[in-house]
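See structure below.
For reference, chains read A, B, C and D in written order, and residue numbers begin at 1 within each chain.
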Amino acid sequence: MFQLKAAVGRILQLGLVLWAVVTILFLMFRLMPGNPMAAYIDPTFTEEQQLALMAQFGLDKPLWEQYFIYLANLVQGELGQSFRYREPVAERILALLPNTLILTFTSLIIAYVFGVLAGAYLAWRRGSAVEQAAIPVVLTTRAMPEFWLGMVLLAIFSFWLGWFPAGGTRSAGTDHGNLLGLYTSADFLSHLALPALTLAIYSQGLPLLLMRSNMLDVMKEDFVTMARIKGLSNWTVVVRHAARNALLPVMTSFAIAVGYQLQGNVVVESVFSWPGLGRELVNAVSASDYPLAQGAFLMIAIVVILMNLIADLLYALLDPRVTHV
Amino acid sequence: MSETVIARPALVSRLFGALRLPINDPFAVAGLVIYAVFVLTAIFADQIAPYDPTEILYTEEFDLAADLRPGEQGFVLGTTSLGRDIFSQIVHGSRSALLIGVTAAFMVALIGSIVGLVSGYFGGWIDALLMRLADIAFGIPFLPFVIVLAAFLEPSIWNVVFAMALVLWRDTGRVIRSQVLTLRSRGYVEAARVAGSSNLKIITRHIAPNILPLSFLYGSIAIGWAILTEASISFLGFGDPSQISWGYMLQDAFASQALAKQAYYWFVPPGICIILVVSAGFFITRGYENILFPKLGR
Amino acid sequence: MTTAGKHRHEVFVSARDAQLHFRAGGALAAMRGKSRLIKAVDGVSFDICRGESVGLLGESGCGKTSMGRMLLKLEEATGGAVTFDGADLNTLRGEALRAFRTRAQLIFQNPFDAVNPRFTIRATLAEPLENAGVPPAEREQRIIAALELVRLPNPAEFLDRHPHQLSGGQLQRVVMARALILQPDFVVADEPVSMLDVSVRAGVLNVFRDVRDRLNLTAIYISHDLALVRYVCERTIVMYLGRIMEDGPTEDIVREPLHPYTRALVAAVPVPHPDQDHAPLPIGRGAPDPLNPPSGCVFRDRCPKAHARCAAEIPVPRQVGTRRVACHLYDEAGAAAPGKTA
Amino acid sequence: MSDILLSVRDLEVGYKVGRRIIHAVDGASFDVPRGAIVGLVGESGCGKTTVARALTRVIADNALITGGQMVFDGRDIAALPEREMNRLRWRDIAFIPQSAMNSLDPVYTVEYQLNEVLRRRGGLSARQARMRSEELFEMVGIEPGRLRDFPHQFSGGMRQRVAIALALALNPKLIIADEPVTALDVIVQRQILDQLRELQSQLGISVILVTHDISVVAYVCDRVVVMYAGRVAEAGPMAATITRPAHPYTIGLRNAFPDLQGAADGMLVPIEGAPPSLVEPPPGCRFAPRCPFALERCRLEVPETHVLADGHSAACHRSGEADMLRAEGSKTQTWLSA
């Protein structure tokens, strides 16, 4: 039986972490040099708007009171107004989230499918020339700045060969109706290709190396030796016993990788002008649009924390040693 | 006490022995060689670089030496759109990389090791507190955090170091803590307790020498992280414009349409340099791949 | 003190209703509701007189090692008291604790784990001397003397070697030498030969017996092996799931075990000759589960003689002849021998 | 049909360490009769476990069988092509490991792991496999209801019973049990040994019981093979070998073993020294450096195996003087002066 109690405990714990991150965010934006009110009030707002915001965020009150107002606003999903877009931050962020998620998941799924298979293969071919050559190459992909890889791919496939567009999610003048229509269109997919490939190349190293080293560890386990002594076929030994056991931590790493990836997206989205959370964060910070920056940061943090939680739950669900006590 | 003075050389040699540098692994050797070249380049940058990296150069015909291809007019790697020597920028870029890499790695390894040691050895409420702090650090998205921090603080390469010290100790701290937990249950640590050794003595004599290799491994990984982070931050335009770094060069190239101009000589070399230095750290720690993703090593 | 039989000396080490309870999985697991209370030691009382050697016998998970660690203040009792030479170990601090650390020593189970692999034998043996403030000039001589005491031939040759250059038997002697170098009066040996090969075990056991007699040590010998305990201890305390089942002269326990658990234990010990009893053991199948011990007598779920009372009431140890037995079978006999309960 | 199920002759198994080959087993010969339990006994590093694994031909990556024969039921396992060897595995030769915890795959139920063997290796249908699994669990004394449990849900003793059930699954002719009770407490150990002995005699299987514990051998074995430093020192019927040992090593071992039924004041006598390094073993008898009876000859010449009586043999130059060795060897003084 799945342990509900343990899961609830973990959720509470991560709730605590979320609260801490929110608090750090509050302090960061309030204690920054200069006028703390600048975090919420654009000097170009009309006086009326300024007063309304002052009241909403209690900016005339002492810091601790502001903090509680800030928390109360957060709980209601109230993140303030973007200076640049003159629209609620929450709406803006929720509109950008799908773009980021689709890029993240597409690239990670590619990376994991490739990484798991290649990792298992390299473990199986341990000591061979292929393995000797592959590992340094994989380590090198982990050492690349993602945005640089994106730049190289852009220079080659977009500017030189002209196979893929250079940025954005759709070509000018196209309209695909709703989101589903957009995401399934060929135009969108050709825009997605390069950024997804960039992130996939960077990310595949993690599942690959993890799968390989887990496999190598599992292959040393007694139960694998026993499977051989039982006369089971090589396929059964390697796939059903070694790979099945090695896969467990790789699966849970997927969720954590989503969290990591989201941070890496910040640069890759900028290179490919991909209208996602990361690029929005960068632009907002550059343009001193603090409410928007704060909101984007918060959203990314929430996904990171959520993914940490999912990783734990996944682990508990997949490992019988945790599930069946 | 005279005894400690005598014991010191032995301790030092023991510490170095503890690092167990993998000199029979060709990739590790390659990594060490890359590090050596990198460090030498950084130290002698002024002697190696033919020009000041920020100086705007002119050709013999007194034209702006802009967008020259490699080899033209004697510029080994060509020039930028503003007429600066790319090769000199590469050479000087190694300075900021070294500076950031080493200080950040040192901070991360130091803080992580101390947290891990204290948390693992003493346990109890200190452990609970430190590990909750680590949980929080794991909840902070690192790159966005650096961006926001860099935006609020004066542009400086130290922002990256500061941010890394604030956040990235978590990985090192956790792993070292679990290592300390195993060590603490070893018979010889218990034996030292029974023999009446103080906590300080047990930590310095029996535990620290065993975790030093791990700190070192994390340090070399952190060098790579620091350089990559600085590159990302500079690329996004939050770097220190007065300091030439590889990330700054890439941003300059990207913003100056180098991709469309097919100016590979401009944006490829800095990338290669970053890859070389970062992968050097990975090569040295090869065989310890698990430490690349500590959160997963349950 | 009636249990001590021939020892009519003062009580040196004693446990009074000693408990060691802890939560498995640490504080974090407790917060998540994952942990459970483990009663490693649960209400153990005994007195050990100066110069006595006592075996703590039991299966894995019976609490014998935890009890041994409490006697050395490596764990603190969570209930009851453990005293050493009249001092309560839980309140021992500062100078008194330092003095205790020189007087009470531990001999480890696994010699390869018990010495720091980076240290030479000299450095290993010097550590307790440094802590005790022995001047450097005297140390070498004390180290050699300690190694001679444990009959390590040509001790000077070993001083600069590292542990991996020694055999298990040699290393275990080094571990014993380290325990003895400060001339303690109390030693706890935790399965000191279980990791060693049979052909060298006897040598280490003989050294242990010899040194104990020569230094008039009070010794606790923790083991799962009755035959070994019999070789080194005149008195044995049999534990099961954190409690004492039977306590008395070893020879009496071997010849005529009283507690049903001890009976099964004695019957189960294999002997190295062909003519032995193959009758089924007088004990139920299954294994002790420290997480869910039965109510009343912790042994009742495997006991062939369990009756209703065993589930309802925890048996109190009673004097039965030379021994103390915690079993409801002896309730009347216990009533005959007056007054001695925990 | 011969009475001998397995005949091992001059078996050599080496481990590649760097460029050298270190022989963990260096010319071991012994027989396993049908329907008998043979104890393979010796101290750590004597090669007993290596022999056991060599019989399955599933050995460490750096290990190799460098010589000798293992004639099993008329066929030499050492020379069998891998395909045919694999056909033999588990159907004819099964294995009980020391730690069933590590030898059962943690992510599958016990039923899955029994099924795997029964169906993939035994060719049973799903229904047959289910019936056989239940039958096997009943044989080893576990409720069939626990088939659906995962390995970690069993106690140490129960897991060892599961391992026995697995070994019996395909009715093998030989079961190799590698220290099957070493990790268990005495009471459970005794219960498992009783179970093993009972099933073995019921089914008429041969068992090789690898152990370091002479008491265990004395409790369950019919024959015993004593190994020392990669070679067989002495082999014979259990009772004869234990009561009338002929090799000085066996004699010494007996003195070193505590005996709960012996006199209370008996002294244990160690064998001084340690087993020789297998990297550079002594040229003659490998026990000679520790042997109180060693002659000049013992240090130079490898002793041959001398047959003493029906099936009892010892590899000792002085085995002709076995009675004297025994008499002298039982004295403490003999061993202390060595």
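To be clear about the criterion, a contact is a pair of C-beta atoms (placed from the backbone, for glycine too) under 8 Å apart; a residue touches a chain by one contact, two chains touch by 3 or more.
Note that this is a predicted model, so its numbers are computed, not measured.
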Greatest separation from chain C - chain, by CA centre: A
Between the pairs A-D and A-B, the one where more C-beta pairs touch: A-B
For chain B paired with chain D, centre-to-centre distance based on mean C-alpha positions, whole Å: 54
Interchain centroid distance [CA atoms averaged], chain A/chain B, Å: 23
Geometric centre distance via CA averages, chain C-chain B, whole Å: 51
Residue list for chain A, restricted to those that touch at least two other chains: 13
In the complex with chain B, residue positions of chain C that touch it: 27-28, 72, 74, 98, 101-102, 104-106, 108-110, 113-116, 118-119, 127-128, 130-132, 136, 175, 178-179, 182
Chain D to chain C touching residues, read off their complex: 43-44, 141, 155-158, 185-191, 194, 212-216, 218-219, 238-239, 242-243, 252-261, 264, 267-272, 274-275
Footprint of chain D on chain C - complex, ascending: 59-60, 167-170, 197-206, 224-228, 230-231, 251, 254, 264-274, 276, 278, 280-281, 283, 285-287, 289
Residues on chain A engaged by chain B in the complex (per definition of touch): 13-14, 16-18, 20-21, 24, 28, 32-33, 135-136, 139-140, 142-149, 151-152, 154-155, 158-160, 206, 209-210, 212-213, 249, 252-253, 256, 259, 262-264, 266-267, 270-271, 278, 281-282, 285-286, 293, 296-297, 300-301, 304-305, 308, 315
Contact footprint of chain A on chain D as seen in their complex: 56, 58, 86-91, 95, 97, 99, 102-107, 109, 116-117, 120-121, 149-150, 152-153
